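Structures are listed in the sections that come next.
There are two complexes below, and they share chain A, which is joined by chain B in the first and by chain C in the second.
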Partner chain A sequence: MNYSYFPGCSLKGLGRAYEESLIPVMRHLGVEMTELPDWNCCGATAYMSVDERQASILAARNLAIAEKAGGQDLLTPCSACYLVLNKTKHYLRETPAMRAEVQQALSRAHLDYSGNTKVRHPLDVLVNDVGLDAIREKVVRPLTGLKVAPYYGCQLVRPYSTFDDAWNPTSMDRLMTTLGAEVVHYPLKTKCCGASLTGTVPEAGLRLTYILLLEAVRRKADVISTVCPLCQFNLDAYHGQIERRWGKVRVATVYFTQLMGLAFGMSPRELGLNRNFIPMAPLPPLHAQPSESSTP
Partner chain B sequence: MKITRTIKYESDRVKGFCDEIMRIPGCDQLQACIQCGTCSGICPLSIYMDYTPRRVIALVRSDFKNEVLRSHTVWLCASCYACTVECPRQIRITDIMYGLKQRAIKEGIYPRNFPIPVLAKEFSKMVLRKGRITETLLVMRLFLKANWRAVLGSWRLGFGLMRTGRFVLRSERIERQSELRSMLTGKNGGNGGIPKEKS
Partner chain C sequence: MNGTNHNGIRIGYYICHCGHNIAGVIDCGEVARRIGVLPGVVVSRDYKYMCSEPGQELLRQDIRAHDLNRIVVASCSPLLHEHTFRTAVEDAGLNPYHFQMVNIREHASWVHTDHAAATEKAVDLSRAAVMRVRHHRALTTTRVPINPAVLVVGGGIAGIHAALTLANAGKQVFLVEREPSIGGHMAKFDKTFPTLDCAACILTPKMSSVRAHKGITLWTYSEVAKVEGYVGNYTVTVRRRPRYVNEALCIGCQECISACVYREPKFPDEFNVGLGKRKPVYIPFPQAVPQVVVIDPDRCLELKTGRCKKTCVDACADRNAIDFTQKESLEQIQVGNIIVATGFRLFDAKRIPQYGYGMYPNVVTSLELERLVTSSGPTGGEIRLRDGSAPRSVGFILCVGSRDLKTNRWCSRTCCMHSMKLAQLVREHTGADVTVFYLDIRAPGKGCEEFYDRSLKEGIQFVRGRVAEVTDWALAPEEEGKLVIRVEDTLAGFVRRIPVDMIVLAVGMEPQSDAQSVRRLFNMSCGTEGWFLEKHPKLAPVSTFTDGVFIAGCCQGPKDIPDSIAQAGAAAAEAMALIDRGYIEQEPNTAHVLDDCCGCKSCIPLCPYTAISFDAGSQKAVINEALCKGCGTCAGSCPSGSITQNLFDDDEVFSEIEGLLHA
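Our next item is the complex of A and B:
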């Protein structure tokens, strides 16, 4: 299975543990990812607030490079990139005038945009292309006893997602069950984490993050599993400020790919788990697990 | 005591503003709004807004341009798209918020000293210069522009990022930067009118 790979800026910076875990996990499952040559920032939510034409060109340049590179599906791990690239495809389909402007700009670099490249999230590819059965076969270290709160955030499932539900997505729930983990009921799974408001307007942004952490603690989750570098950063890096405001809500937040890597027997360090502010507790050794389930 | 008028006058309206906004893609469904308030109810940030999303729609429809563009509301929208998905009339409220943000920046009448529009502008400048974003550098620029005291308040966070190897100071940059810039600005060569950054 071959895919083009659009890492996005965050996976080279604050979210580097996402890439560190995504690449070995995909390789382990036989998924080939080729990084898009000379990709640029997708524009995220910020550029869209400034200039719509330029924001469209930014996203379309990446899609055009993907077409030139062979037109394979474009794998996009960051939720913001996933949303922006998909949104631009919708937008250029609906707005011929803008499409003509974008095409004109792209032609300066001899690029061409047809809009045929599919933008896919690794979660989609893992559950629907690789398949849960193939993933189950690779599990050597089941996450038995680990209580996981599956957190999808907003931009992966709204409003352009093609593979899961906007209100109650379940693909990560099913994936975690496949790894042997126990999925806790987490009704806030698609609530906003506060995005960049945690830094710009902490009174508002941090409260949203706090609510998510508090709910995970109430539901007795050992770990929150996330699909987005900004969600991971917010839920992991602001515990100090949150504690000072509202009290302790200590629970680790990791990427779903890190949990997959652990279940495949990879070491926490290899998966970038050493980069967490709030470290995930090490998994108990396999033999120390309760054996009641096998001998009723 | 400072007194303020609590109702709007006809003369406060800027005729044609609604039509202008409706021409922005995604904003054309504005008139279909039934003022049910589902957007304000689902919005995780409406409790902090000076006008709720429902009121913003009503104000735009009635051409109250200055009230809308000066409000904090559009900048507090975190683009979670909950309202867009929930709206019973399929109005793309998030896109309307984007349309209003662009208009506010273009006209320069966004709320001053509010860090979010500053972030958006610094973000776009960095993309024009480098083609990519280096988050730690972006945040430092934001703090310097909007609130330098926040740098002092965030030392713990910065220290934590260094400890976990996530504090990146090496600026990410694409190879064909001048090509990208000429696409964006429509100008050949040069630096697209962007002030040169000291390195």
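Our next item is the complex of A and C:
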């Protein structure tokens, strides 16, 4: 299985733990990822809100490079990149005027884009291409006893819910169960994490973050599992401010790929788990299991 | 007018203003002037309303005064008034087929904004008609006798009412129902709005009358498989599913049910929408008609494995009604008319996952609550949460799958009233706080607005706004352990969180899942939403585009019980109007085989009405005029041009085209 890989800025910066866990997990499962040559900013959600035309041109350049590089599906771990690239595809398909402008801009860079690059999220690829059975085979350290709150955020499933339900997605739930973890009922799984409002309008943004953390604590989750660098940052980095405003809601937030790595027997450090502000507690001890042989 | 010397053809041309409908766009005087100079046209007039009595009288007087022998009227659609004008022409002594109608309303004035171009189009269409009508020949209609029996499809309240109306008028009726019992959705209701009278008390006597009526043949657990023929003479094949019980021998004592090897009811019970349990041998509900048990082949041990003690057979003893060898059978019946009353299905609430149906056990649909309220239901009329306790607060969410661009756009018309009825019953049974979340309260029926007032007086709270989601995450202590409704209260102007114990989703109505195949079976049309299409939304609300096939009840669109019954009565009356006349008048636009036919038989498989056969003696194709619908397929496809069709002869069609192209 070969994919083009678009890391986006986060996975090289604040969200590097995501890349640090994604690459070894994918390699372990036999998935080849080739980083897109000379990629640029995805167009980003903020830019998209200010100037859709310019943002779409940025995004389309990445799509065009992916097409030129062989047209494999473009693996996009960051939810914001995933949304912007998909949105650009949508605009190019539905708006002839926008398509003309973007094509003109691309042609100046000697690029062309036919519209065929598929933008895929690693969660989609893992659950639907690799498959839960193949993943189960690689589990050497089941996450038995670990209570996980699966948190998808908004951009992965809305508005382009291509591989899961827009309101009640379940792919990560099933993935976590496959790893041996216990999934807690988490009704806020697609609610807003506070997004960039945590920085710009903290009284609104942090309240949303607080609600997510509070509910995870109430549901007795050991850890929140996320698919998005911004969600991870918001849920991990603001505990000081949140505690001062509303009280303590201590729970760690990690990438789903980090939990996969742990189940595959990798060390917390090589998965970037040392980068968390709120560290994840060591895995609960494995009790002596009744003579159940591991899956063949 | 240069009307003379055209082989005696004397044409009268009339263009109708239709008030402003036509004259507001088309210059009718101008059209009349330009048509008036065409060869053969003796009279050319414009008039305000040609369909009015003075308009028709104008036609008749002109025919007599000017010795006219061809008439063209340019006005609305022939569907609406062709019959009117043909009759007027006939009254004045002409053959009704020496008439041609031009539609310049739907085809010109209603669809164009450029007045000059629309006027030009009206002239072109009129010229074509004038040139064609010269070639019209005198034709006569034929009469075909009508079979007085009627098939009613669907045994809900609409089908029941139609069947009884017809049977009481002395007509023979076949009532076919898919489920093991008639009664439909109404049989599941506790009380009806706005009178709060008991649904069973008004329905079950009608159900028993169906069973007892000598004029009605009732086939439950059966479906229509095939329909052939035409108005007055339909041949219908009905597939009768095996119930593994001989209907003639079963007396409904239900001893077999108590004797079944399954001591306790184990399987979800369809009648109680899965809230109750039944055995493999069961009767759908106590008042079921017919009172005959049915055995579910997917659950019955004997039918699945062939290795059951068959205690049911022992219990039935010498009545011997149980018959495990029963097979599906096909029955053929002859009827003249068909009434389709196949009802609706409820919207699947899982399609709106934000409302938590299927995720939170105390989120129920309105029909599920209906079963909980009913004394014959699975809880004996107690409204209970899944843990057995009584709810202290209940929220009703309206327009679930109605008036929603993401699911169904239409208003289901009954859910406002139905929810208010259930809300009142919940207050009465439990004293719980009830809040209704609505977009608009639609209470237009008789006594319905008063019922809304009564709901307000009963202390039911109304919050206007489309509910965003149902969830169980608590922000405040009073929300702990409750279902929380998040909604923008559009009257108060802010977002609210309202905790409740139970949520009722007022699910809307949808066309049946097999509406498309049923539509094809009876050769009907569907609107874009999938409801069966009436012939005219105002003037022919229970007729379809197929003569002799009528629709009634919710298969035509969402409606309440009184409206369903009104439609059922109307459909029965329409059928009776045809039956009591005794014959069907057939349009003479039929096809005919000329002597040139070489007997290639290529037309035979093309005919959609199986009207063409091959005569071995003459070695030519023969068309049965009674079956021919005048579709023209054979005339168009005949390789030797040996089939012609009345009103569509070559000279008529080519003259019409010439008239259109003539500048």
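Going forward, the second predicted complex is superposed on the first by the 283 of 296 C-alpha atoms of A that agree within 3 Å, B and C clash if a C-alpha of one lies under 4 Å from a C-alpha of the other, contacts with A are read in each partner's own complex, and residues count from 1 in each chain.
Rule of thumb we're sticking to: contacts are C-beta pairs under 8 Å (C-beta built on N, C-alpha and C of every residue); 3 or more make two chains touch, one makes a residue touch a chain.
Because the structure is a prediction, the values reported are computed rather than measured.
In the superposition on chain A, A:Arg61 makes contact with chain B only, not with chain C. In the superposed model, A:Glu215 lies in contact with chain C only, and not with chain B. Looking at the superposition, the partner that touches the larger set of chain A residues, chain B or chain C, turns out to be B.
Residue overlap on chain A between its contacts with chain B in one complex and with chain C in the other: 166-167. Taken in their complex, chain A has these residues touching chain B: 9-10, 12-14, 16-17, 38-41, 43-52, 54, 57-58, 61, 83, 91, 94-95, 98, 105-106, 108-109, 154-155, 158-159, 166-167, 191-192, 194-197, 199-201, 203-205, 208, 237-238, 240-241, 274-277.
Chain contact summary for the complex, chain A toward chain C: residues 165-168, 185, 187-188, 211, 215, 218.
Residues 353-354, 359, 469, 471-475 of chain C touch chain A in their complex.
Of all residues in chain B, only 24-26, 44-45, 48, 76, 78-82, 84-85, 98, 101-102, 105, 115-117, 119-121, 123-124, 127, 131-136, 139, 142, 146, 156-157, 160-161, 164-166, 168, 172, 174-176, 179-180, 182-184, 186 touch chain A in the complex they form.
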